[in-house]
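Each structure below appears as structure tokens.
Look at the two complexes coming up: chain A is in both, with chain B in one and chain C in the other.
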Partner chain A sequence: MNAVARHIHPGWAIVAPLLVLVVALYLGPILNIMWLSVTDPEPGLGNYRKLYESDSLLRIVWTTLRICVITTIFSVSLGYSIAYAMVHCHLRQKNYMLTLLLVSFWISILVRTFSWLMLLGRNGLVNNTFETLGLISAPIAFMRNELGVLIGMVHYMIPYAVLPLLVSMQSLDSRVMDASRNLGASGSQTFWRIYLPLTLPGIVASTLLVFILSLGFYVTPAVLGGGKVLMVAEYISVQLLVTLKWGTAAMLAALMLAGVLAMLWIMSRFMKLSAVFGGSTR
Partner chain B sequence: MADAFSGGSLRIEGVSKYFGAFRAVNEVELEIRRGEFLTLLGPSGSGKTTLLMMIAGFLDITSGDIALDGTSIANVPAEKRNFGMVFQGYALFPHMTVRDNIGYALSVRKRAEGEIRARVDEMLELVQLQDFATRKPGQLSGGQQQRVALARALCFAPPVLLLDEPLGALDKKLRVEVQEQLKDIHRRVGTTFIYVTHDQEEALSMSDRIVIMRDGAIEQVGSPQELYERPATRFAASFLGKSNFVQQNGAVFALRPEKIDIHLGTGHPQARRRGTIASITYFGSMQRIIVETTQAEQIEVDIDVWRNRQALHEGETVELSWQDEAAVELNES
Partner chain C sequence: MRPGLFSLFNRAGAWVLLLFLVTPALIAIPVSLTPKRFLSMPGNELSLRHFQHLFTSEEWLSSFFQSGVIALSTSVLATFLGTLCAIGLWRVSSKYSELVRAFLLLPLIIPQIISAMAFYRLWIPLGLLDSYLGLILAHTILAAPMVLITVSASLATFDPRLEQASKNLGASNWTTMRRVILPSIRPGVFAGALFAFILSWDEIVVTLFISKFSVYTLPRRMWNGIRENTDPTVAAAAVVLIAITIIAFVVSAILSRRNAGESRS
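Our next item is the complex of A and B:
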């Protein structure tokens, strides 16, 4: 046996085929996209320069960021209330709530998006009812604008926001809250000084999850935005399928990847990511 | 000084607690004196923790009343009762430093920064953790965490301190050490301590008075000596220390193993039982001998190894004797 082989743990033999598969099927295409972004249509940073030069491109990136931030804020705060209610109600009610949450989690995004059109569109249930009742004279524009996209995205994201928060709240020792009360803290003092800080890892996890997923949203903005709200994912698809500017598409994809990695890196500087994703906090 | 300690007296009047149809605590009457160290002792399921939680205000009482210094507190919520509490497993705030943990009660009462600082310093000194003020609970040993919990509970000078099996998580050697410290702190602060445990040694060595609980009711109350020397029931006699139960003139008597003398051979003038040695177990300072008597009883005898250097062997015939006052008549109902 040579010196190198002796230092390699035999466990690698089991992991190696998977590792090769991941590298080949995952890392390979990603590198290919990066490569495309600097070689198509011609070698150089021309695709990236477009970010400065093209107003429309910049606007799309800005719209995407704005929608993702607003979606994340609403999803996580609504998700926090839902998770809180689930942890603190009776087991029966909790199971009902969990079922409802998972049902909405499992329903196809297309179905959910079109349901919103039926409900809130110009001739949707809500506008029709209000008009019949004489509450409004013209339909309210819920859909085919940014509001529509936000409603659809927040609705879609709430289960993703709830699940990490639920895990984090369930793992709390309720005696710690009892101790806070026993020491004279009011309910709101206990919440702000004990409960919220202790569920912070859950908040960070659910924020990251929702934000990262929102970045790549395609169906909801396309349908509920009515062509007026263009986000990065939809633009990439147009570049790929319609205008065939693969270089621009690859550049935007690389940009999003870099953005996500940068966020993870920034978060890792404030807290241990292993704690955020359910590892030990010690 | 901002917070001078002064113990409170508690009166528990006919308190019961039902969980649905299950009766966890049954008509408990108890007077807890100012500044005393009172232990609620009982096996798990005896209602001792439920009673403590009702005193703390975490559980409503189904019927009866609890009064502090003559004023009913039955309807006062836990956060307004001002009782300190050391929780099972300590329940420290993991995201706060030791200093912030201890100062929490004063900080939520919006006391001045400097006052809190001075008071926390005092508490750190009381539990000898001056060097650990900036650590987080996760960086402390079990015994240190236990002391932080104690300091946190005492920081606002509560009239009553409730302790829910505070030594349960510590190993045996450390437990004895912490018992000493607890007793010492109790002497120094003068707060009324109500201590819940299922460990009879802890109860005996620390308490002014012990309440033995069984099935949600009080079995017997008394000082450690009273309870050990004069147990009223079979349960009290066997839960606190070990006991033999012997029939004499139609009554049942409790007889502590160490109060029996053992004599090799037959014909001892004071002999009350004759039998053979079934087993001998050596514990260093003492030997536990189980004697099978001619009346088909198994009697345990503890003998001091140094003062009783007879050579005893299994299967030998022995006689047992004891003084009249060693056997305590029980109320058998």
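Our next item is the complex of A and C:
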């Protein structure tokens, strides 16, 4: 016993409480769910075969991936523009911008979803305003379709996209860009051939972060999709709480988890993960 | 270097985008002041009746109370466990401690819906569904990584020789922890506690799975209101939440400014 104890650093004693809690109450049931995906209702790969056999299931996965890809493209490119502007302006202005960004980051997801409901509904503020101005004759359908879900999701994800980009742009050595200009490159050449490639790690981190968060997003699609846009997260909740089918839900969760872990692994190749997390909570 | 035309254009675009991020939430303010019984924009007259309902209705008040109790307990528990863990990992500082750190951050990045499934799965046999303890434990596991991050960030700037000095001067482990380490990482601990509180106060996905009748948190009640989409009391609750967000934001800004001031001096 003493021989073992001498090899274990005493610091582990105060790591243990949290570690035990997370292993027992979090990792345990997650492994159990992975196990369920190949044993419930019967042992075998039946749940995974459903992906090929069931058109509706395949459609849900496809809808989810499509919405996540579009959300990621918009959030990261708009986020890039914001981060670029923030890095290249005076400190005062940058602080104002950061404040706006963080306030929106902190406003409850439920409050934001509720606001979109008020703005985008058939009699919402946007449609009413457009009609009074005579821009449209019939209300535009923003809700209960993918357009509404996309607006809500991009709005939620932009701050998450900006923060890793900001970290990456701030750590850049601006003399490299000066050197490029001195050697005769134009502004746009410098941007496309020097600046953009140098911020690539930030772009990859931000892309994967937004994609991972979008993949399991529940609140906004459920409310703004209004039952018409079914994504994996909402489908899982229906399977568990209404039809009580653990097997199918567990299979979808296993796929989602595998995707997330794979993306985290790729992300760790490009950037210290703690930098991304640290940046996103400050 | 003078900013080019493109740069100026981009800056204007960025401002528009940032306003787009914040302004939609403000629509809750006029909607909450409508004198009508259903969700609508107020006409010529304003009324505070929905705020009055919010603060006199037993249901809403009990939700505020329950959310407060759960968020406060979560914050205390997560801060305690997360701070200890961060100090432990910092002391060990080996290949394995970095692996453990990465593992402990997972609850923050694994999709909430999967976490919700996991807790739901385990809470059924443990009889923790629909109980304060069940929600507090689940929220603590989700929030502890936040504390781990903020405290680790504070520890990164802490000079380990101070700990050595304290021990050489005869202080016990406990005294060193209380009188030397904790005071220097205080900003990280406070920030972590604040983040843990907000996470729990705001949490909806896991809560939807593991609470039903007896525990009905504020987000849960708002979620119901949003789904029913009729009662303007939801708008009043949204305004209160925005106000709380702004207050919390100011508090954290002051804390981090003080933090920056300390590290500079």
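Some observations on this one:
Please note the rule applied: the second predicted complex is superposed on the first by the 236 of 282 C-alpha atoms of A that agree within 3 Å, B and C clash if a C-alpha of one lies under 4 Å from a C-alpha of the other, contacts with A are read in each partner's own complex, and residues count from 1 in each chain.
In this section, a contact is a pair of C-beta atoms (placed from the backbone, for glycine too) under 8 Å apart; a residue touches a chain by one contact, two chains touch by 3 or more.
All values reported here derive from a predicted model rather than from experimental measurement.
Applying the stated contact rule after C-alpha superposition, one finds that A:I109 touches chain C and leaves chain B untouched.
Contact with chain B, but none with chain C, is seen for A:V176 once the two complexes are overlaid on the shared chain.
Of the two partner chains placed by superposition, only chain B is touched by A:L198; chain C is not. By the document's definition of touching, of the two partners only chain B reaches A:Q189; chain C does not. More chain A residues lie in contact with C than with the other chain of the pair chain B and chain C. Of the two partner chains placed by the overlay, neither chain B nor chain C lies in contact with A:L163.
Note: residues 178, 181, 281-282 of chain A belong to the chain B contact set and to the chain C contact set alike, using the contact criterion stated above. Contact residues of chain B toward chain A in the complex are 56-58, 77-85, 87-89, 91-95, 104-105, 108-109, 138, 152-153, 156. Within the complex, the chain C residues that touch chain A are 1, 3-4, 6-7, 10-11, 13-15, 17-22, 24-28, 31, 39, 41, 81-82, 84-85, 87-92, 94, 97, 100-105, 107-122, 137-138, 140-141, 144-146, 148-150, 152-153, 195, 198, 202, 204-205, 208-209, 219, 222-223, 226-227, 229, 234-235, 238, 241-242, 245-246, 248-249, 256.
On the chain A side of its complex with chain B, the touching residues are 173, 175-176, 178-186, 189, 193-194, 197-198, 281-282.
Note for the complex: chain A touches chain C at residues 9-19, 21-22, 25-26, 28-30, 32-33, 78, 81-82, 84-86, 88-89, 97, 100-104, 106-119, 125, 128, 155, 158-159, 178, 181, 187-188, 212-213, 215-219, 223, 232-233, 236-237, 240-241, 249-250, 253, 256-257, 260, 264, 273-274, 277-278, 281-282.
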